Structures are given as structure tokens and as C-alpha cells.
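Shared chain: chain A. Partners: chain B in the first complex, chain C in the second.
After this line comes the complex of A and B, so read on.
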């Protein structure tokens, strides 16, 4: 018995040494397990598919070698500093349910023994999942939840790469202000009284209700009048009384924070009710999904959405173009805000693991707090990724930024998003006022 | 002013649609004294039937109504002979829990088959169309069609119950099942017929509603609750009561619209900040509660 024990110890020792001596060799390969929690079914299933495809593509690039992509993770097979360990994704479906999300996180941590977590898109779910991660000291990176409150809780195991709604909402008001000052490409200065009246309708979970609050806050700050503001259930099957209420407010500018099926329903109902505001703006999410475009067709021409990624970015950034080509090959769609950010989230995970050189939570924590990824390595048009480690926003990426796009019909007759804000990177003249449905 | 007229119209139309949803529930209750918790699930099945038939066969959703009616009628009869018949022997609580179980069963079956995603019709003769009645009042074509059909269905059911022999037999069964049996009325068949008509009318409503409302396996509960409120308001078992109460409930769901009218007419800023739209269904249950407390048999109810 003892000799067997000794023999196996010897074999283990040799194997371990082989691993140390040949860090990229096949013998040293192990896995790093990342639990990925997304809404894969339910109203946001379309978004879930995009998120999943983004993460899978990034994993494929990280686990293989694509020398022509100018990003660190494409140069090595697996995590170099972990002996070429491959990333293994374990997907879970939270169905938009915060309680389920928390249960899944526990399951991933206790049963699957994941090294870290990525997710969860819905701010409400991210909130509960990050609380579980904090409890078990498991690092979590969030790439696409934009409720400002998430990074205001002083969590030590939570990092967020995406900019949040406060920045995005401010962008919108900067755009409106720009309209009155004649700064918008292709639009003469608009008298403020023509766009002074606002109305907002936001879905009523964590994310939407925060956006609604931010709109109120900024409307006051920028001197606009909010004539109507309400929350609705994203699962509503009918929004006609909501739309009548918006119309009744005689608002010049209508603002929305909606997930996919409700965004489509909202615009369909606006169209059926012949609503005619001068500006329609959506806070990303549903307003940017491929389904939004494919279901509603030409009628969305002129609608604005804030976003973090537009196909036009591809023309500005070579790397984005390359990744977009890979993504299109995989899914048939262009990268969107959800997929590009999910991609970036996994990329950040790889960079953090690379820097940590270990899967010990404490090492990952230290690495995440010290990480810096330059903007040129990212598909999203940010200055880079660097997390805040002090102040009231712990773990928030401080180098992100947003875009506002407008659906426009191109010469080829196809609807695509053109950049209208920031003004210095506009890709087309803005359509103003909204021409009606 | 357009806000007020618009809300009135919208309330009336949706009220007629909701009345159609409640019709089946009131028939089943009227005849058998059994409260069908799975009513909303029947509606959900009607919605899926309409949606899938239209998409599968590539026909206009309006043409799927007969299919939905047959599916609903058969479903009602199958449910009766396969399940409800046995429940009737048990106490009231067993009947309640039984239909509650049926609700859970149908819902989860739908979840298994269709998945939890919202599905909606995007194409169709009337889908997304609307009329401008002037004064800024816009009426959706699907809702108008739905409301019209609802009236037709009500008249048909009313005629069936009040002008035909079968109707008399149904009423007799409803009033006194034992007596009716002694008179030679096949009460068993009458019960099954009530379930068939109830199921058929609600699946028709579903196939109509799917023209403007998206469907998922959980949609039933909202309608069950509203249908209960309507039936309680109109009086359990009363067909005209269900219609009238449907209109009332339709108007109640439009309270936010009336609120907007007063807000902007009087320019009352404090009213703007009250999110009435978020509470539109709350008032339905408030009305339900008030009726339950003050007049338990409802406005037109004849059953004690």
C-alpha cells in the first residue's frame, strides 16, 4: 500500500515539475472555470443569445491563437501565466429572475467550483448574484448591467467594465443641449421651447427605475420639463394605455428604457396610435436588438438609442472590424452593444487571470484592482479598462464611454445605426425632427 | 378632450374584449357552481392556437378563429369528462384545488411545449392597423374587430340560453340539477356542453387577443383575475351581467387616461407625478373588493 502511495506521489511530482518546466506545454494545461449567468430564455432571450455568442467568441479567441488580431489574448493559447490553461464556460439561465440568479450563483460556486463569474445583463439579477459572490469571496465581472447603484455598494469582489446609465443619460441631455446650440451635424440650432417637453416610460425593474430617476434628475439640471414619467412592467402584453398617456402629455421628446419584447411592443403601439414626437430615444437594451430592427422594419427610421457599440465603430477601429467579421461568421448578425460588451467582459476576465497568474481569489482580486487594458485592444470605443479602487464607486471601469446612434435608411435601402453623438465622431447628419411612423 | 374621448373608446373596446374572456367563466359557474381557475390557461391555449395556426399555415390570424373555437370546445369537453366530472363528487374545496391544479398543469405543459419566450404576431390583415376617428382619437383595428365579435358572441350565447331548448335545459341544470335530471334532462351532457361553450368562447377570445397582445405561458393568470373580477361584478352566472361588468372593468382600466385628462386640463403639476399607469389593474381589484363587501351576488346575479 505504502509503495503505491509513494509511486503515485512520485508520478504526481514529476507531472507537476513537467508542468512548471513547460508552462505552455500540453501537460500543464488545466481549466479555468467561469460561470456565466445570462437570461437565456424569457423576454430577453434574444439578448441572451447575443451575450452568449459574444462570450463564446471571446473564449474561442482566448483558447486558441489568432496572430492577426492585435489583442493580447489572441496571441496565446489559453492563459499563458497559468500554463496555457483553457477557459471553460458554464452557462446558466436566470430567466430574468433575481432569486433564481442568486441560486444559480450558489450552485456554480459550491457545486461547479467556478473560479469566477460573469454576468448577468439584468441589473436586478446582477445585484443578487454579486451579493452571493461577495459572501463567498468569489470574483465577479459584470460587462453589461448599467444600473449606477451596482458599483455604489462597496463590494470588494465585483468589477464592472461597462459605463453606467448616469453617463449614458447625461449623454442624451448633452445631445438635446447640442440640438439647441446647433452642434449636431446636419441640424440647425433648434429653439429650446420646441424640445422642452419630455416624457419617459421605463420598465420597472432595478435598471428601468434607475434610468427613470436619472431622467428626472437631469431634466431638472438641464432645464427641461418632464411632463410625464412612469414605470411599466416589461412583461406587459399590452401597452396601449401607457402610450395614450405618453401622447396625452404632448411631449416633444419621448424617452424609454425597455427590454426587447416591450421595446418592440412600445414602438408598435406608438405607431398604431400615430404618436408623433420630435425625438424618440431608447436607453439601449431592447432598442438595439437585431429583433427590434427586423420586426419593426423601416418604421424605426429616426429613432435614437444610446449604445456602447455600433457597426460604424468598425469603420473607425480595425480590431472591431476583425472581431465583427468573426462574430458575423458565427451568428449571421453584426456585433451589437450586448455582444460587444459581453466579449469585452470575457476579455477582461482573461486579462485579469493572466495578470494574476493564479486562480486564487485573492490573487484575482489584486489583479483586477490593478488591471489596465488599453483602448486599442478593445472592440468597444473606450479609452480602456481600469477599475476604480477608491471613492464611492468601487470596481467601476473609469475609462468607458457611450454613443448615441440613430436608425437611418442607407442608400442600399437597409436600416442601420449612424453615430450622432459624440459630435466629433458623428457618422451622418441627424434626422430631426422625427418624421413620424 | 381627445384624451377623454380616446380613453372612453379604449375603455369600451377593451371592456368588450374582457367581457368575452369572462363569458366562458360565467357560463361554467352558472351551470355547475364550479369556479374554473384554469380559465386564463384556456385563453392562453387559444392565443397559442391562433398564433401557431396563423404562422404554420401562413393564413391571416382572423381565419384561425374556427380552429381556436373547435380546440377550445374539445378541450372543455375533454377536461369535463376526464377530470371535472370526478371533482364534482368532492367538496367545494376539492373543486377549487382541482381546477387550480388544472391551471398549473396546463401552464407548465405550455411552458414545456412553447418555452417561456413572449411570442407575438407581427403580420396580419388587421395587425398594427388603426383608424383615426378625428379629434385625435385613434382606434386599433384589431381591438375594434375583437370588440365587434365579442358582441356577436354575447348575443349568440344569450339567444342560445334564452331562445333554444338546449338553453332551457342548461338553465334548468343551473337552477336545480337534481330536478332537471328528474325531468329527463341529461345533466351530464349539459355540464359537458357548458364546459365546451365556456372553453370555445374563451379560446376564440384568445385567438382574437393574440392579434394585439403577445403571449407567453404565464399570461393566463392576469386574465383569470380580471375575468373573476368581471364575473363577480356582473353577478356569478349572469350573461348580460358579464357583458355590462366587462364594460365597467374596461373603463376602470382606463382610469389613468381619465387622470391624464384632468391633469392636463387643469394643469395640475402634482398630478403628473402620480404614476397612475403603473396601477391600472389595481383599481379593478379595488372594485372587486368593494362589490364583494357591499353586494356579494354582484350587480345582476341571481344565484345566492
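After this line comes the complex of A and C, so read on.
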């Protein structure tokens, strides 16, 4: 009996010593799993590839050390306050389908046990995925869906870093107003009657329909006449009747909210039908993708697009130039609005986890609500990231801002985007009117 | 009483079929009791939903031989009725669902009456057109949220809410749709042996002969179209509560219409088990191919190629679908 007692004491003693000697990190978090839901197939696959590359680059920087990059996440290997835990990404493809997005969110939360979610680009999918996250009290950061309604639902587990379409659309009308006031670099004041007539064509899901509504609202507010406004299916194989309708409106300014394949098709059809408005403006998305440029070539010279990042930003922001170089090495393309925002989304996740020092949802929630990332740490030209915690836009970053770029042919013969708005950071004279195709 | 007895009477099926069906039914009922992933549960719910869509389509498309490619409009009517009534007037699911079915059936009479003057390809094209028209109307109709659609607030209700069908855990949705699934099987079992069922099969075989026998061909088609519609609308109502966010592009798209017809055709149109087999193969195949070969594996798009390849193979091998293959094997074994 005594020998059994002694043997038991010995075993307990060894176990206790093993416990004391074990490194404390062994009990800590080894990795933080972030579920990333993007459209990787279908019409927006090109955007999906860009978003994925942006997130992967940010993860590589966060998990390693790149001391020359002036951002906190590049100085530590992994999440410092979680014992150096690495970020592990689990990608899912929602195909632009809100129902599939919701199912994938459940899978990520319940099966893969992710600590948080990042996504989903399509506002319609972000809506269903954020609803699932809200049900399960799992934090979700959105970096690239711009429908204003998303942050007006009072959700407590949803944060959005990107500015939304209300701000972007206002920027467009400020540019048009600036044209009439002679504020645009390289353009003399244009009489308002020359650009008074507008027409808009927007794809008909959550995002496009909201943009269409905002264009109507701001056109009225700024005293422009919206002669034609309609929605179309982004999956359409033919947009000739839509373009005929736009042409028939005799609009001076044509405004679009399109994803990649339809943006390309729209411009091709405008070209085929010899449309000749004075201004063509795209609400980011398809109008800013590398495929838009490579497919349409020189014919896009003079087309405007709103964005949150242009390669020209590297001239005014050193950090953007450094990250852009890394991105170009990885993909062969410059950072764009989608990839830069996806990068910023993952960077925000890292900052939130550092502040929380835990993967408990409640700690992450408190950290996200209190976080402040200064603008100097971001690749996008924003004042920073700070989420609204009261009012009717819960979880919206209040320090974001937009840019408007114009495709111009450089001296080297290459088409690139030049900043034309905000006026104080213009990088080139604006081409006005649009020279035609 | 006679109707219930007919609905529960499966005695004309071979014993093997009934044994398999019974075993599968028990497996469905006990499925949630065994360890399973949330993804498997979501796939099961999708399978049951598409089985019901397919059963509805099978009445007019399978037994009646009328290729209907416009079922998405009725999914939309059901989904929107439930969502609008819940969001605007807080009407429970169990009240809004039958109202949605009535509205869909009413609309099906309006659409079906002139459409069944057409035959063959013309009828199929007309059904597509009618869906696209209704979808376009919904996309500009502010009352139903226009193109942005409607969202059942994720924070307003306290799940589990059995009246409004608002749950957090999918197990509740699973058993609800499973209940509809069994009711659907019993109904179709009754339907295929009903007077209308026999009339339809004779119309499918030879419309002129059916007419000469005194069958009101046009009216029989319109009535069956309404039955198919009621099924689809019922699942549409369920879809609204399950996903909690609907928009025309997602709920009433041509993709949905084609998927519904594809599942039933691939499984075996005109047979009780066909739509269930079709959905049982295509839904898990699509979900799991994407899971194994999709985004995480870095083989984006390969899953879709394999999925399409399998559909083409089955169609080429036996145009009557998988049930056709089963029957072919059976005939060979007998002979």
C-alpha cells in the first residue's frame, strides 16, 4: 500500500515539475485563424485574386519581421501580445452568392473555429455573412464593401475600414462642381450647362442599386439633371440596348457602378456605338481592375474612376511605395483600390488582436471599438482607422477618404491612373473633355 | 380519408425501393444526433430545399412533360411574401407561408393560362421571359426593397422563435424542412395516382389522344402548374427565414430556375424519387468539390469543371437521368 502511495506521489511530482518547466508560450495561442470570404470564381474572380493577394501579403508581413517597413505589424513576428501567434488564413469562395456566403460563414465559425472573419467585397454577401457573425458573436472586419446600409443596421460584431459610397459619390459631385469653378488642375472653369446632363447605369445588386440612389440624391442636391438612370445585370452578356439608351439620353456625364466583366463590356459597347460624353466616371470596382486596363488598352484614356488607392500615392507616401514594391514582386501588378483595402483590412485585424491580447470575442470586440491606427501606418491615404461606436453608423471607420483618378497615357506610352481629386493632391492635369474612343 | 390512404400507400413500388427509402428516411431523421459539421448540416438543408423544388417541378415538368424554366419567380413570391409580412407587420411564418402560396398560385393562373397555349420550346422560353419580367419589376419596386432586397434583422428577434422561424442553430431549420420534405413525398405519391396525375401522363404521351378521351388538356396543365408553384413558393418562404436576406438577383435569378429543372431532370423526371436523387447528388457534389478543390486548396475553378463534366456524362449516358439508369439495370437483371 505504501509503495503504491509513494509511486503515486512520484508520478504527481514529475507531472508538477513538467508543468513548471514547460514554457508559458506552450499554453498560449499558437495561431489565430481568420476566415477570408471572397469571390474567387465567376465574374468578379479578377477582383478576388487581387483581394486575396493583398491579404496574403499583409499576412506575410505580420507573421515575419520587416524592420524597414514603418508599420507596427512589420516590427513583430506574429501577434506580440499573443506570444507571437501567427495569422492563419482560411479562404472561401462565395461566387457572388449571398446564400453560399452565409453557409460558408457558418462553416468557418462552427467547423473551422475561426477567431474572426474578413470579407466579402460584394455588399450583398457581406450583408448575409455579417448577419451570421452577429448571431454567433464572432467579430467580422470588412475592408471593401461600400454599400452605406451595411453599417446602419446596429450590428455589434461588424466593423468596416473602407469609406462608403455616400462619401465617394459626394467626391464625384465635388469634382463636377470643381470643374465649373475652375478648381481642377489644368482645366479652365467649365460653364455648368456643358456638364449639366447626367446619365447613370449601375449593376443591380445591393451595391449598384445603392450607388444609383445616391447619384439621384446628389444630382438633385448639386443642381445637375439626371436624364437617364437604370440598373442592369452584371452577368449580362450583351449591353448594347443599355448603351443605346445612354446615348439617346444625350448625357454630358456618364456614371457607372460596375464589376469587372460588365465594366469591360460596357466600355467596349460604348466604344462600338461611338458614344462621346464629356466625362465617363466609374465607381471603382471593375473600372479600376488591372484587367480593365489590359483588356481595353489606350481606349480608356480620359476615363475617371473613384478609388482609395492609386500607384501615384507612392509619390506622397513612402510606406505605400514600399508595400507596392512587395505587391508588384508578388503579382506583377501595382496595388489597386481592392488589394490596398484588403491589405488594410488584415492589418486592422492584426492591430485589433494586438490590442485585445486575447482571442476571446468579447476582448476583440472591446479592442476594435477602442482602436486607433494612425494614417502614417497605412498604405491608403487616410487619416487613420477609428471606428464609430455610437450614432447611426456603428462600426464605420470615420477617418477614411477617397480619391478620383483618371487614366492617362504617360510619356512612356503606358496607361496609368493620375490623381485628379482631391484637388490639393492632384498629380496631373485633368483631361477634359473626354477625347472619345 | 381515401386521399390520406392513397398518399401513404407505396405498395406499387418494389420492396427494394421501399427498404432503401425507409433506411434513408431514418438516416435523415437521426442525422443531427451524430457528430456532423456545420457545413454538412447546411448542405443537407440545401439538399432538402432543392428536393422540394424538384418535386414541385416534377409535377408539371416530369409527369406533364412541360419544360418549365421559370420556377424562380415563385421562389421569389414566397420569399418576399414572408419577408415583407414579417418585417412590416410582424406576421409569423406559419401565416405568411400559406398566404405566399396563395399569391403564387394566383399568379401562376394569370401566367399559366396564356402560357399553356404554347408548346415545347416556345413554352420553355415564355416561362423564362415571365420570370425575368417579374424579377425586373421587383428590382424597381420600392415596397419590396427594390434591387437591394429585404433583410430580416439579425438583432431584432430572440432565437429560437418558432412562430417566426428565426433560429440561430441550423438543427431547427433542418427538422422544419425535413417535415416539409416528408409531406412533399406523401403529396406527390397521392398526386401521381390521382385523376389529374393520370390525365397528365396521358397528355405527356400524346396530347391529341388525351383530348379525344375528353381530358381538358389546357385546364389540367394550368392546375398542375399551380400545384408545382405552391411547392416552390412554400420553400421560398422557408428560404427567406433561413437566409434572412433576400434580393431579386439572388432569389429570382435564372440560375435558380435552371438548377431546379436540372436537379429533377438529372435525377429522373416523371418519377417520385428522381428529383430527390438529383438533388442528393448535385448539391453535395457541388458543395464538397468546392470545399476539397476550391479556394483553400488553391485550385479555384477546378471544382466547377468537374461538376459540369459529371452533369454532361450523366446526360450523355442516360438522358432519362439517374433513375433511368436504375430502371435500365433493373430491366437487364430481369431479362
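Everything below uses one rule, namely that the second predicted complex is superposed on the first by the 408 of 437 C-alpha atoms of A that agree within 3 Å, B and C clash if a C-alpha of one lies under 4 Å from a C-alpha of the other, contacts with A are read in each partner's own complex, and residues count from 1 in each chain.
One rule holds in what follows: a residue touches a chain if its C-beta (ideal position, glycine included) is under 8 Å from a C-beta of that chain, and two chains touch if they have at least 3 such contacts.
Here the structure is a predicted model, which means the values were calculated and not measured.
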| item | value |
| --- | --- |
| Chain A as common anchor, with chain B and chain C clashing or fitting | clash |
| Which of chain B and chain C A:177 touches, first, second, both or neither | neither |
| Chain B versus chain C as contact partner of A:192, first or second or both or neither | neither |
| Partner chain(s) touched by A:240 [first = chain B, second = chain C, both, neither] | first |
| Which superposed partner A:205 touches (first chain B, second chain C, both, neither) | second |
| First (chain B), second (chain C), both or neither touched by A:153 | second |
| Chain B versus chain C as contact partner of A:383, first or second or both or neither | neither |
| First, second, both or neither for A:265, with chain B first and chain C second | first |
| Which of chain B and chain C A:136 touches, first, second, both or neither | second |
| Touched partner set for A:409, first chain B, second chain C, both or neither | neither |
| Superposition clash, chain C versus chain B, among 96-104, 114-122 or 222-230 | 114-122 |
| Residues of chain A contacting chain B in one complex and chain C in the other | 41, 45, 204, 231 |
| Touching residues on chain C, where the partner in the complex is chain A | 37-39, 42-43, 46, 139-140, 146-149, 151, 153-155, 159, 168, 170, 239, 243-245, 247-250, 290, 294-296, 300-301, 304 |
| Touching residues on chain B, where the partner in the complex is chain A | 3, 6-7, 10, 14, 115-118, 120, 122, 128-130, 132, 138, 140, 212-216, 218-219, 222, 253-254, 256-257, 260-261, 264, 272-273, 275-278, 280 |
| Chain C-facing residues of chain A, complex | 38, 40-41, 45, 90-93, 97-99, 102-103, 106-107, 109-111, 124, 127-128, 130-132, 134-136, 147, 149, 153-156, 204-206, 208-210, 231, 233 |
| Interfacial residue positions of chain A with respect to chain B in the complex | 41-43, 45, 95, 204, 226-232, 235, 237-238, 240-242, 244-245, 248-250, 261, 264-265, 268, 271-274, 295 |
